[in-house]
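Written out below as C-alpha cells is the structure these notes cover.
Going in written order, the chains are labelled A, B, C, D, E, F and G, and every chain counts its residues from 1.
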C-alpha cells in the first residue's frame, strides 16, 4: 500500500516543483501548497501505513486493543500542516503586496532589491 | 437473496461506488468549467459529497468520530464558496473573457 | 642579567600600547609637547634593553614566557639574543627620537594625538615582533605592524594618493603575512616546533622536512613582501605619502626590516641550502639594482630615500642569502649603518619639507647656510650612506665586499654590489650637494633652521654612526658580534677594523666604487634622463600592476556576481531543486541501492483507488489549468482528496485539520485574488515548460525513490507504542494524537503556535504598514502618548 | 424558541435522572418534557408557544417533504435522456418583510422543487427566483405564496 | 477528559525524581523570549513597554545563558525532559557546550540589537510587532541551539524563519518586498527539505531524539537511504547557511530590512544552518559526513570564493556585507568538511566570532547611514572626520572580519588553516587565506572610500526614516560588541577551550548519548 | 456581500460555529479535535461574520484586536508550561487537578490550559489574517 | 429479524438513497445547461444525499451523542447549502453570467439595480454556457 501512496507523493512533488518553477507568484504559491501536501503525505507514508483504526483509545480501555495507525507521524504532520499553512498565508499576502508595490507578479521582473543595471563599485581609492 | 448479514456491507460498497462516480463527475466539471461559477459550484458540491463520503466511511469502519468532521464541513464548508462568490462579485468575470482564454493557455 | 629583568620585559614590551592609549589624552592636555613626555616610554625601554647588552654579548640567550592560549599551545614568549636585542635597541632608540620629532613636525596638526597613538602602537608591534619567541605571537605582532603602518601611511587621509599607498601597503604586506602564516603553520605541523627556539634547535629537521620547499616559499613570500623585494617593492616608495616621521621610522629600523629580521632569524634553520642561497641573492640583487635605478630616476627627496631603502633591503637579503660568516657580518653592519643614516636622512628630508614647503630636489638649493645643523646631520648620514670613512657605513661596505669576495670571488654578485654601491654613492653625493650646497633656490616657505625636536634625532643618529665606527672594537663586541652570531646560528669571533689593514680586495673594490660613483654623480642628470626614458619605454611596473590587478579583481568579481547572482528568482529556484535532485540520486547510484518497488502490489478497496486517482488527476488539472484562477479552484480538489486519504488511513485529526486548512486556504486565496488585478496571461514558452517539467520529474522522482527506499526498511515502532501505552494511563487522554500534541510533544506545538501568531502579525504588518505611511511624524518614537494611542485607535 | 430549549433541557435532565442517555430513553424524555410543558402552558405566556412549536415542526415537515420531492424531480430531470426544459427567472412579490422571514423563505425556496433564490431587491419587495422548469411562472408564485410563505407567516406571527 | 485510571507504574514512563531548578536554565532561553514576545503583542498599543520588556528579557537571558554555560562547562550537559517523559519519548533539551556557547552568543547579540533597535525602529514598526518578531527570532534561534530533538529543531527553524519574515517585511518598502519574496520562497524550500529529511529519518530509525538517533544510525543495514537523508539534510542546512551554490537568497535580501534586522540576521540565521550541519551531520550521521567530505570541501571553497569576490563587486556596503557573511560561512564549512577536533573547534569559534562581528558590522553600517545618510561607496565619505570614535570601531571590526590579529577572527582561521593543512586539504587552507586577503581588500576599500576619503559634502542633520536617538543608543551597542571582538582576539583561551570541548563532544557523542539515554536507567 | 439573506443568517451560523469550536476544543483530548481545529473553526466563523457584515462589527465583538488575542494564546500556552516549575517537574508537564464542585468532578489540567492557548492563538491569528484581507484597501 | 438486522437494513437503504441522490446531483452538474440550472441539482439533491448519508450514520451508531451530532450536522448543512447557492448565483448573475438561451423569461434583467462598482458599462455580456475553446 505504501508503495502506491509513495508514487502519489512523487506526483505531488512533481506538480509542486513544476508550479514552483513558474515565474508567477500565484503559481509559485500553488506550488507551495502542493509541496506542503506532498511533504505531509511523505511523512505519513514514511511512518508506515495501515488501513487501521484511528489512534484513539476506546472508551472503556486503558490502551488500544488492536493495531491502530501510527500516531506520531500524525502529530508531526499536524504541526507541519499548521506551519505550512501559516507560511503559505504569509507568502501569499507578501506576493500580493509585492504585486501592489512592484507592479508585477513575475518574480524575474522583481528587481528592486537587486537592480538589473549593476553599478560597478567606485574604482578610485 | 442476499443474506441480511451482508446486506449492509454491500450497500456500503454500492454507496462508495456511487459516491466515487459522483466525485469523478464533479472533478470533471471543475476541470472543464466552462465558467468560473461552474467550477466554484462543483467545488461546493465536492465538499457536499465529501460529507456523504465521510458518513459512509463512518458506517463502514464503525468509527463514528468522523461525524465531527461532517458537522464542521456542514457549518464551514460553504465558506470557500462564499469567498469565491465574493471574488466573482468584486472582480467581475475577467478570467473568462474569450480573448483572455485564448492568450492564457500556459501553466 | 638577573632572570627577573627578562620576565619584566614581558610586561615592559607592552608599554608602548599603553602609551598609545594615552597619546591623544596627553596631546589634549599639553599639546605638541606630549611628544617629549611620550618619548620617555621608548627611552626607558631603550635603557632597559641596553642593560642586557653585556649579558647578550657574553653569548647568553634570554628567554621568558607565559601561556597565552594553552589549547593551541600558543605562548606569549620572548627570546633575546644578539639579533633581537639589536633590533629592540634600534626600535626603541630611533623610536624615542621619532616620537620627539613627531611632536615638532606635526605641531598644530588636529590629529597629532592620534598620530602619537599610531606610532606608539606601531612601535609596540614592532618590538613585540623582534623579541617574540613563539611563532604565533610573532605572527600576531607581524600583522599588527601591517595594520598600524596602514594607519600611518594613510594618515594624510584626504589625499587619494595616501589612501592608495595605505591600501597597497596593506594588501602587499598583509598578503605576504598570510603566506607567512601558512608557512609557519606548515612549519609547526611538519616539525612540531612552536617557537623560534624550537625551530632554531631543529634546523636539520626543518631542512630535511618534506615540506621544506613550500615552507620556504611561503615564509619568503611573507618576508619579501614586508621587506619590499622586487617585484613587491612598490608599496614602499608610495608609502612616502605618510608624514615624515613615519617614513623615517618605517624605513629605517623597522617595518621594512621585519622581513630582513625574519630571514636573518631563520637563517640558521633555513639557510645553508641551495634554494636559500639561490633565491635570496637573486631577489636581493635584483632589488638592490632596481632600487638604485629608481632612486636615480626620482627627484622627490623622500622618493629618492625610499628607493635607496629598497636597494638597501636588497643588499641585506642578498647578503643573508650569501650566508658566509663575513657576508652575514656585513649584513649586520649594513643594517646598523642603514638604520642610523636612513633614519637621519628621512628626518632631514622631513625637516626640509617642513621648513621650505618642498621636497623636490630640483627646487632646492643652498640650504647649508640657512639650516646648518640639519646640513651637518645630512652630511654625516650621507657620508655613511656613501660608504666613506670614518663612519659605520664604510665599515659595513668593507665587510660586505670582503664577504662577497670570499664567497664567490669575481662574480656577478660582486659586480652587482659594486654597481649598486656606486649608484648609492652618487645619490649620497647628490643629496648633499644639490639641496645644501647647490645654487640658492626660492622655496614656497623661506627656509630656516627647524626647532630642536626636528634636528635632535638626525644629529644623534649621525653621531652614533660616527661613534659606532670610531669605537668599532666595542661596537663589535657588544652589538655586531652577538648579532652576527645569532644570524649565523653559531658563535662568531669577529675582529673588525675601521682602517683597512692593507690593499686587500675590499679596499680596491671600494676605490672602484668611489670612482664609479663620482662618475655617476657627474653624469647624474643624463643618467636620470636615460633611466626615465628607459622606464617610460617599458611603461609598466609593479605599481601600475597593482592598480591593474585590483581593477581586474573588481571587474572579475562583478562579472562573477552577474553570473552567480543574476537577481532572477526562477534561476535560484531551479538551482535549488537541481541541487537536491543530484544530491538525492547520486548516493543511491553510488551505493547501487535503488529501491525494489516491492510494496506496489497491494490490495485496497476500490474507493481508495478512486480517491488516489482523483488526487492524481486533480494534480494534472492544476498543472494544465489555463489560468491561475482555474488552478486555484482546481487546487481545492487535491486538498479535499488529501483530507480523505488521511481519513481512509486512520487519521481523523489530520483529516479534520486538512479540511479546515483547505477551506481557509481557499478563502485566503480568494480574498487575495480579489485584491489582485492580474493580467490573465502568464505564459511559459514550450521549451521552458519542457525544461521545468524535466526538472520537476527528476526531482519528484528522486523524492519518491528516497521514500520507497525508506519504507522498504524495517520500522521501529517503539516510540508510538509508548505513546499508546501511556496516553490514557498517565496523560489522561484517549486521543493519542492530541495527547502527543499537547503533552508528549507539547513543545513542538508551542513553537508551532508561535509560527501561527507570527504569520498573523506579519500579514497584518504587510497590509497595514506601508512605506508611504512611513514618512513624516510617524517615524518618530518620541511622539507624545496621545499621538501613538491615536494611531492604535486607527488600527482597530 | 425558549420553550424548545426548556424542552431539550428537561429531556436531558430525564436522561441524567435515569442514568441512561440512550436514544430511545431521551426521546421518551423529550415527549415527557413536552407534555410537562403543555401542562404549564399558561405560565409560559399566552402566545401559544407550544402551538407555534408544533407549527414550526409542521413547517419542518413540509420542508423535508418538499426537499425530498424536489430531489426526486431533479433526479427525473437529470436522468431523463432528453427533456426540454423551460428555465426562467421570475420576480416574486414578497409578503413577509422581516429579515429572518425573508431569509427563511429564500432558503426554503432554494432547497425545494425547481426553484432557487437568486436575489432580493433593494427594497425587499421582490425575490428573484430561478426556476429550472417553469412553463407557468405564475403557478410557481402561487405555489410559494400558498405554501412556504403562508406557513412562515403562520409560524412566526 | 478520561479521569485518572488504574494505577500504572509511572517510573516506566516518566522521570520521577524532582527536577533540579538548574535544569530550567535549559528551557529558559527559549521559553522566556517566547512568552515575552507574546506579552509584547498583548501590549501592542503600548510601545514603550515592549521595548523595555525586550531589553529586560534579553538581559535576563544573557545572565541565564552565562549560568547555563557555567553549569555545562563544570558539570557536563544539562538535560531537560519536557513533560518529564522518559527519553527518548518526550522532547528533550540537551544543552552541551556547543549549544550553551551559541545560545549565550545569541542572547548577547540579541540584547545588543534590542538596545540598538531603540535608535533604528520607528513607532510604526514597533506597533506592528517588531519586538514580538525580534523576541521570537531569539527564541527560535536559541531553541535550535538547545534542543535535542530533530523534529523540534525543525519547529524552531520555522519559528525563526517566520519571525525573520516578519522582520524582513516590516516597513513594506519596495526593495524589502522584493527581497522578502526571494528570501521567503527559497527559505521555505530549504525548511521543507529539512522536514522531508526528518520524515525519512523517522521512517528509518523510528525515533526523533538526537541521542537516540546517534545510537540507532550505526545499526542500520542499508546505506543508500541514510545517505539520501544525509544529503537532504546537507542541502537544507547548506541553503540555510547560504553555502554555494544555494547562497543567492542572502545577497538578494539581507540589505533590504532595517539595519538592526539585517544585523541579527547576518549574525544569527546563517549560523543556525552551520550549527545544524555540525549537530546533524557531524554528530548524528558521521559516516555520511565522511562520505560527503569532498563535496563539503568544494562547497566550502566555492562558498568562500563566491563570498569574497561578491564582496569586492559591491558598491553598497550593506550588500557587500551580505557577501562577507557568505565568505564566513564557507570558512566554517571547511571545519565541517575537515571534521577533525581542531577543525570543528575552529568552525565553532569562527561561528561565534562571525555572529558577533557581522552583527556589529551591520550595526556599524547603520551608523554610517545615520551619519552620512547613505551607505553607498559612491557617495559616502568623510566619516573619519565626522566621528573618529565610530571610525575606529568600524576599522577594528573590518580587520576582525578580515581575520587579522589581534581580533576574534584570527584564531579560528589559524585553527582551520592548521587543521586543513594537517588533514591534507591544502586548497581549503589556501582559500581561507586568499579570501581573507580579498575580504581585507574589500573592507579596506570601504574604509578608504567612506571614512578616509572626504568629498566635503556635509552629512545630513537628520536622516529620514530614522528615529532620533542619542549617540550612546546606537554607538553603545556597537562598542559593546567591538569590545568582545577585541577580547576574543586578545584573550581567546576561555572560548578556545570551550570550543575544543564542544568539538570533542561532536566527534564522540557517547557522552551526550549517555547523559540523555542513561537518564532512563535511573530509578 | 450585502444580501439580506446572507446577512440574516450569517451571525447565527457564526454563533453556532463558535459554540461548536469550543466543543471541539474541549473534547480534543479524547476525540478528534483540540485547540487547533477548534481555533480554525472559530476563525472561520468570524470570517463568515466578517464577510457578511463587514469587518467593523467583528472587531467590536472581539473587544480586543485579534492579534492581541493570538499573543494571549501563546502567552497562555507558555504560561501553562511554566506551572510545572512549582512542582519540580519539567517544562510543559501535564498537571491535573480534580475540582469538586457541587459533587461533580471537574478535571482541570495544565494540558487543557495549553490547548486553550493554542485555540486562542489560532483564532487570533487567522481572524487577523481574514479580517485584514476582508477590509477594503485604505488608499 | 432482530432489531440489529432491521437497523442494518435501514442503514443500508439510507446509504443507497443518499449516495443515489449525491450521484444525481453530480450528473445534474454534468448534464444541465447553465450554472443556474446546475445549481438546482447541487443544492437540492446534493444536500439531500449527504444529509441522508449522515442520518444513516446516526442510525447505524445508535449512540445518542453521535445521533445528535449527525442531526446537528444535517441541520447546519441545510442552513448553509442554500446560502452558498444563493450567493454564488447572485454573484454570477450580477457580474454578467447570463442564463442559457432557453431561459425564456428574465425578470431580474429588467429590474436589476447594478451593484455599485462591479459592472462597468463596457463589460461584455456573456452567456452562462460559453463554449470551451474558441
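Rule of thumb we're sticking to: a contact is a pair of C-beta atoms (placed from the backbone, for glycine too) under 8 Å apart; a residue touches a chain by one contact, two chains touch by 3 or more.
Here the structure is a predicted model, which means the values were calculated and not measured.
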Hopping only between chains that touch, the fewest steps from subunit A to subunit G number 2
Farthest chain from subunit C by C-alpha centroid distance is chain D
Taking the mean of all protein C-alpha atoms as the centre, the chain whose own C-alpha mean lies closest is E
Ranking C-E and B-C by C-beta pairs in contact puts on top C-E
Distance between the CA centroids of subunit C and subunit G (whole Å) is 76
Averaging C-alpha coordinates per chain, one finds the centres of subunit B and subunit G separated by a number of Å equal to 10
When centres are defined as mean Cα positions, the distance from subunit A to subunit E in whole Å is 25
Distance between the CA centroids of subunit C and subunit F (whole Å) is 59
Where subunit C touches two or more other chains at once, the residues are 160, 163, 167, 554, 558, 561, 565, 567, 569, 573, 577, 623, 631, 648, 652-653, 655-657, 660-661, 663-664, 667-668, 671-673, 675, 682, 684, 703, 707, 710-711, 715, 717, 719, 723, 725, 728-730, 732-735, 737, 741, 743-750, 752-764, 766-768, 771, 795
Residues of subunit E that touch at least two other chains are 1-6, 8, 34, 37-38, 41, 44, 82-83, 90, 129, 132, 151, 155, 158, 162, 165, 169, 172-174, 176, 181-182, 185, 189, 196, 200, 203, 208, 251-252, 312-314, 445, 448, 453
Residues of subunit B that touch at least two other chains are 16-17, 19, 23, 33, 40, 53, 63, 65-66, 68-69, 71-73, 75-77, 79, 82-86, 89-90, 97, 101, 107
Subunit B contacts subunit A in the complex at 61, 63, 65, 107
In the complex, subunit B touches subunit F at residues 65-66, 68-69, 71-72, 75-76, 79, 82-83, 85-86, 89
Residue positions on subunit A within touch of subunit E in the complex are 20, 25, 28, 32, 35-36, 39, 42-43, 45-48, 57, 62, 72-73, 76, 79-80, 83-84, 86-87, 90-91, 94-95, 97-98, 101-102, 107, 110-114, 119-122, 124-125
Listed in rising order, the residues of subunit B that touch subunit G in the complex are 4-5, 7-8, 10-12, 14-19, 21-23, 25-26, 28-29, 32-35, 37-38, 40-42, 44-45, 48-49, 51-53, 55-56, 58-59, 64, 67-68, 70-71, 73-75, 77-78, 81-82, 84-86, 88-90, 92-93, 96-98, 101-102
Counting only contacts in the complex, subunit A reaches subunit C at residues 1-24, 26-30, 33-34, 37-38, 40-42, 44-59, 61-64, 68-72, 74-79, 81-83, 85-90, 92-94, 96-97, 99-101, 105-108, 110-111, 113-116, 118, 120-121, 123-125
